[in-house]
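Handing you a structure now.
Every chain is named by a letter (A, B and C) in the order it is written, and numbering of its residues begins at 1.
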Amino acid sequence: MSAVELAPAAEAASEGAVKTKKLVIVDYSGELEKTWATMILATTAAAMEMECTVFVTFWGLQTFVKDKKRITGSNWMQKMMSFMQRPGVSHRKLSKMNFMGMGPWMMFQLARKYNVSKPKELLEMAQAMGVTFLPCQMTMDMFGLKVEDLIDGLGEPVGAATALQLMTEADSTLFI
Amino acid sequence: MSAVELAPAAEAASEGAVKTKKLVIVDYSGELEKTWATMILATTAAAMEMECTVFVTFWGLQTFVKDKKRITGSNWMQKMMSFMQRPGVSHRKLSKMNFMGMGPWMMFQLARKYNVSKPKELLEMAQAMGVTFLPCQMTMDMFGLKVEDLIDGLGEPVGAATALQLMTEADSTLFI
Amino acid sequence: MSAVELAPAAEAASEGAVKTKKLVIVDYSGELEKTWATMILATTAAAMEMECTVFVTFWGLQTFVKDKKRITGSNWMQKMMSFMQRPGVSHRKLSKMNFMGMGPWMMFQLARKYNVSKPKELLEMAQAMGVTFLPCQMTMDMFGLKVEDLIDGLGEPVGAATALQLMTEADSTLFI
């Protein structure tokens, strides 16, 4: 292509054509079914070659604590809150119909029957496919979570400003 | 307009001026008040001549089961889950202050008093105004829902990839 | 810059470079932790010189009732609903682990320890920094809320059409 043809407008148009779509998910709730939704959308976006960033905040961060950690935090309040919630991707509860764990068990049975992967498998898949998970620094402070409490392969903890920058540059942002 | 005037940049600008705004709603929760929010936003968007697509997933899909269906699904787990939830747009519960149905009853009284239509009426209005409702295929599989269980006039069931495509092309996406 | 250099495409690019980013938050839930998320994002956006508009609707509007108001509404249903919920930014409850107020108390202790402001302080800060809070007219009608029931400094009540206009013009919209 000659320099003459490469007018600013044409250049902008061709850039648009190859531009990678960006998806930002705010993973806020920590509930089983919303964790599932986040992981399904993140892996699908990665498979579609979108650039997917998941900002993990508040209850959502409990999902990214190592499954074997039982109690986290450095003071009694933080310890009590982690104990009440049971952190880890394999211990998420349904927001309704949890029935002491029977709801999630049925969900997992149905998922297996219909070849839907569990959240834990989808999380590992998402990480392997290049989805970026960014823990929220303020949440880590408030719940007393340390980097070593969290699963491997997460990005550096970030604040609300970085999250907002990503959101306003994305093609779509989902607060889940 | 002559070819000379129709420079790429000008063309882009004139396209921008007449472009229909696109709104995508992910109807996820199935709760009465969120169903209401979805329907009010969808009908208003349609009235403003926006192109509105509602991706109906997880608990949200219960809203689109026919009101008279009492139990759906093909195995005991799916049947039990549908029984516990009571599907159908007229049977949504409030996420708080449900009080065995008294909360929704009060809501409907107040809505009638202030000329706010019920979710069922708004849903019919939305369909008449051209809002597209797309059921999530994976949710249909997991809950054992068949096309004939759902109300008429919905689009073909779609997967997460189609939903993401729509979201990243929309001017705004709401995960409700 | 000469007129020749100012081709349409270049003009568009330079406009893009100085454009203020727009963030729209739909503050829907009224829960303590989501109110907190809204206020942290709104104040951070304002500090980043983004134009931030918060559309306050449904349960979220309870947050903007004056703290000292105990009961609002003009009929018994509205009064009962306000009584059950305890309106005001200082009386928000956690969606889980509320434990009769002990959960929020622990949250406030932890927040103070880590220098995170309370929602009430963040709300005042957001207003001082120019964040616009727009109450939803339909919600005011249904709950019987009058302008004098709400805190000072809010914008004029608006409908769904205005909210949708803002959302589809924003760089990012969060339904919280």
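Everything below uses one rule, namely that contacts are C-beta pairs under 8 Å (C-beta built on N, C-alpha and C of every residue); 3 or more make two chains touch, one makes a residue touch a chain.
Quantities reported herein were computed from a predicted structural model and do not represent experimental measurements.
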What chains do chain A and chain B have as common neighbours? C
Note whether the interface between chain B and chain C is symmetric in residue numbering, meaning over half of all numbers used appear on both sides, and answer same or different. different
Size of the rotation, in steps of 5 degrees, that lays the CA trace of chain A over chain C: 120
Determine the centre-to-centre distance between chain B and chain C, using the mean Cα coordinates as centres, and give it in whole Å. 24
Quick one: which residues in chain C touch 2 or more of the other chains? 7-9, 12, 173, 175
Residue ranges of chain B in contact with chain C within the complex: 7-10, 12-13, 21-23, 33, 37, 40-41, 44-45, 47-48, 50, 96-97, 103, 106-107, 109-111, 114, 116, 171-176
Which of the residues in chain C end up touching chain B in this complex? 7-9, 12, 24, 26, 28, 57-59, 77-78, 80-81, 84-85, 138, 141-143, 159-161, 163-165, 167-170, 173, 175
